[in-house]
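Alright, structures below, take your time with them.
After this come two complexes, each holding subunit A, first together with subunit B and then together with subunit C.
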Partner chain A sequence: MNKSVLSILLPVAVLLVVYFLWDGAVLLSNTDIFPRPYQVFLGIGELIQRGVLLKYVVASLFRVSIGFTLAVLIGVPFGLLLGWFRPAFLAFNPLIQILRPISPIAWIPIAILWFHVDDRAPIFLIFLSSLFPITVTSIAAVQNIQPVYVRAAQNFGLTRLDLFRRVIFPACLPQIITSLRISLGIAWLVVVAAEMIAVNSGLGYLIIDARNAGKRYDLVVAGMLMIGLIGLILDLLIRRLERFEEVKWGYFGGR
Partner chain B sequence: MGLLRREVSKTVNEPIISVRDLGISFPGKQRAEPIHVLRSVNLEVRRGEFVCLVGPSGCGKTTLLNIITGFIRQSKGEVLVQGTPVTGPDPKRIFVFQDNGVFPWLTVEQNIGFGLSRRPRNERREIVHHYVQMVGLTGFERAYPRELSGGMRQRVEIARALAPNPEIIYMDEPFGALDFITRMKMRTDLTRIWQEEKKTILFVTHDIEESVQLADRVVVISQRPGTIRKQIEIELPRPRDLDSPEYLQVRDEIFETMGMSLKVGAG
Partner chain C sequence: MSSAKGVGLAVVLWLVVISFLHATLNLGVFAPHKSTAEAAFRVGFLPVTCHLTCPVTDFINKQLSGESGFEPIRFQAWPELKEAFISGYLPATFILAPLAMRMREDGVPIKIVYLGHRDGTAMVVHKDSQIFHIEDLRGKTIAVPNRFSNQKLLVVKALKDHGVQPDEVKILEMAPPDMPAALFSKAVDAITSGEPYMGQAELDGYGRVLYQTKDVWPNFISCVLAVREDVIRNHRETVQKLVDGIAKSGKWLDQTMDHRMEAADFVSQYYYNQNPRLLRFVLSKPPDRVKYTNLALRKNDFLEIEALAKETGVLKGKVTFEDYADPSFVPPNNSLQPYAWEYQK
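Here is the complex of A and B:
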């Protein structure tokens, strides 16, 4: 059997096994709270029919897009500057190292205090969760740049701006893209948590609301399934960045 | 090709590079004695000359080249290029690195055109095309460095150095990472390119054979603290016959200067 057939058959087999194990376990346990898989699919159908699924997916994606984009727009240039100018790094690094280990979840009360129950609260939390990985990776990328690239560029008489634009930035880009991928994953984790507390829409809200308003665990699991699927799609999309010719050298064992 | 040629300067007899009483020391670790890497180096290079610096590893020959280029500041003495003290790297003098010097995010033609960004597009394309041909990379213009062999990448680097029409090319063991056969071919090609382009080349190597095959003059540097032990003019005609008694005689003279016997193994 060839590889591509196997790469479809094997995962499908695993999914089927999980499906039947789940179904069997629910039947055996006689629970009337935990849903059977088919009930989850019916739940997804119900959510689509009620028109909330699309609305909540869009709400979550909107918050992630805004927060993540802001983090990229600020984190990448800020990190590159700190990596390049040693005094700036010395000045800001301790602050970054103190803020970085604080889970974005811990910021939820402050986000609500500042932004109330409003879109801006989860956006702020996603921004925070993405900002630190992106900034720290960008700093490290500049600091670990091969000195030979900088020397070669200086030899050709590049201005500081050109050095940044034509050498530093492209040399750091593969690592920056990796950090984008990681932080988008984190952002998707954080949006669900933020929506459970700070707003009244989105997939996180869907889950907590389904539980609170009538213990609808079929809808809880349906929401979880949607989060997983959309997370997968987001990762597949951002991985496409790694395929650009200008950055391929940074992956698969280097040049 | 008139476009690519600049007038050859008139001051042919004046050295293009002069190094005067050059020294460099690095501070020792943990209050140890400073390490003297180079001491009272005096060197003159004529315009259009191909000079090889040879010496044992750790003798400071690469450091010397880095100081002459302007990447590192000396502790003592001065370096003059065309009568002016060197204060930093300059596009008129391009450095060819041992390895990894080509930019992996640019194609072959973008790399070769890297130093030409201020030229008009048509001119740039013509110059790039010329050097792609000269180093034998026709057909690989759109390839990325990761798709090339080590020898081809080194050709890209040489073409990139030549394209802005520098007066001097500094080369730091440019063929050190290549296999034997590729290295021989690169030497032949570099000799041809040097004859066509009439650049001044200062070439660092630890390979004595390489220096005798390439250079007009071999400068032998001593163990650390490095200083010039001997300079040997090589007047052998090119292409050089590696079996001729004259070649072997010059080669053995350098081996002897470096205090090495030609016999391998314990005595």
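Here is the complex of A and C:
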């Protein structure tokens, strides 16, 4: 069997096994609470029929897109700056290291007090969740540049701006893109928690709402499934960035 | 760097498209009519029967005059609702009575202006359990909605009335929507919160009612209507309109069983997103499970709550009825008639 057939057959086989294990476990335990897989698919059907699934997916994607973009726009330049100017790094690094380990969920009360309960609060939480991984990787990327690149460039008489634009930034790009991929994953992870605030749309809200609605665990699992599938699609999309010529060298032993 | 330009363009395009979709589908920014005459007066609520008068007032107002004057904002849990009130986002909210009193103690400018309901809480145990009397709760685990909930004080009162010391049971906090599943899986021995979550455990066949509020603490108050002090100063008429609306919709709800069943239908559909069967059940079986009349603020009711709250450490006892309540909005007895309105499906 050739590789491409295997790469489809194997995952499908695993998914089928999981499907039947799940179904069997629900049947065997005779539980009244946990849904069977087909009930989850019916639940997804119901959400589509009610016209809320598209709305909720759009709401979650909107918040993640805005929060994540803000984090990139601020985190990358800030990280590069700190990586390049040692005094700035010394000044800001302790603060970053203190803020970094705080879970975005811990920020929920603050987010409500500052931004009330409209879209800004979840966007803020998603922004925070992505900002620190991006900043820290950007710092490390500059600090880890091989000194020979910089010296060679200086021997060619590059100005500071050119040095930054033509040597440092391209050299850091592969690591930055990897960090974007990881932090987009985190941002999508956080969207559920962020939407537990009283916003009235989004996949996270769908899960909370289904809990409020009584025995609708089929919709809870439907929400989980949608989050997983969209997370997969997002990851596939951002991985395309790694294929560009400008960054390919970073992955295939170009140094 | 043509690929960089391509990526940049794609990102910008994506942001524009997703923002446009979100604005259209969820925010209704491009919807044709949007009354911007006056900023909406937000009222916070949770999807529980203790807060039923909030959506009912909104719905009937809209049906009668096309405009509610209020914007009910649904929350999922107490902490978020409390924070939204403290931050000033909500000028008014339905809230647990002891929580409102405690917030006053902590310096939040909150005033209780009216009740939301009376009764409407049960304690439910698993149908297979050996708990048949309140005394049988010794050594068991009981889930309550919040440490500042009157449900917790109710548990303490019930236990003490039956000679059980509160430290002989384990009381833990749990979000009410999670309670039926916790009881089903026997993670806890007993659950108590506002409806419809208790009714759900009963309706689904694994819960058995140990007590209703009327058995332990008749005319029990779980939630009250509270507003910010600056709102009382600056928007007296709006607060009065809200209190009158709640009084009228409460009377409407208690007028006939048909009204209650109609409310169960439109509130399930438009506000709570719950199964109408569930609300129909808790609003009718038995009919005095929860009541929406007799909602005036009575000092003695609150003194009773205060005493229990001080005993259990929920309140420090720094504030009095005059600090946390403002009964001046309570309509004079029988001066208001129920809403004259019938539901047309």
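We take it that the second predicted complex is superposed on the first by the 250 of 255 C-alpha atoms of A that agree within 3 Å, B and C clash if a C-alpha of one lies under 4 Å from a C-alpha of the other, contacts with A are read in each partner's own complex, and residues count from 1 in each chain.
Here is the rule we use: a residue touches a chain if its C-beta (ideal position, glycine included) is under 8 Å from a C-beta of that chain, and two chains touch if they have at least 3 such contacts.
Note that the structure is predicted; figures quoted are calculated from it, not measured.
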Check the residue A:Q146 against both partner chains and state whether it touches subunit B (first), subunit C (second), both, or neither.
-> first
What is the contact status of A:L189 with respect to subunit B (first) and subunit C (second): first, second, both, or neither?
-> neither
When both partners are placed on the shared chain, which of subunit B and subunit C touches more of subunit A | C
Of the two partner chains, subunit B (first) and subunit C (second), which one does A:N155 touch, if any: first, second, both, or neither?
-> first
Taking the superposition as given, does A:I230 touch the first partner, subunit B, the second, subunit C, both, or neither?
-> neither
When the two structures are overlaid on chain A, which partner does A:A171 contact: first (subunit B), second (subunit C), both, or neither?
-> first
What residues on subunit A does subunit C touch that subunit B touches too?
-> 245-246
Contact footprint of subunit A on subunit C as seen in their complex | 1, 3-4, 7, 11, 14-15, 18-19, 21-22, 25-27, 47, 73-77, 79-81, 83-84, 86-87, 89, 175, 177-178, 180-181, 184-185, 196-197, 200, 204-206, 272-275, 278
Complex interface listing, subunit B residues touching subunit A | 69, 71, 88-91, 93-95, 97, 99-101, 103-106, 114-115, 117, 144-146, 164
In the complex, go through subunit A and note every residue touching subunit B.
-> 146, 148-149, 151-152, 154-157, 162, 166-167, 170-171, 173, 245-250, 254-255
Which residues, counting only subunit A, touch subunit C once they are in their complex?
-> 32-33, 54-55, 58-59, 61-62, 65-66, 69, 108-109, 112-114, 116-117, 119, 196-198, 200-201, 208-209, 211-215, 217, 241, 244-246
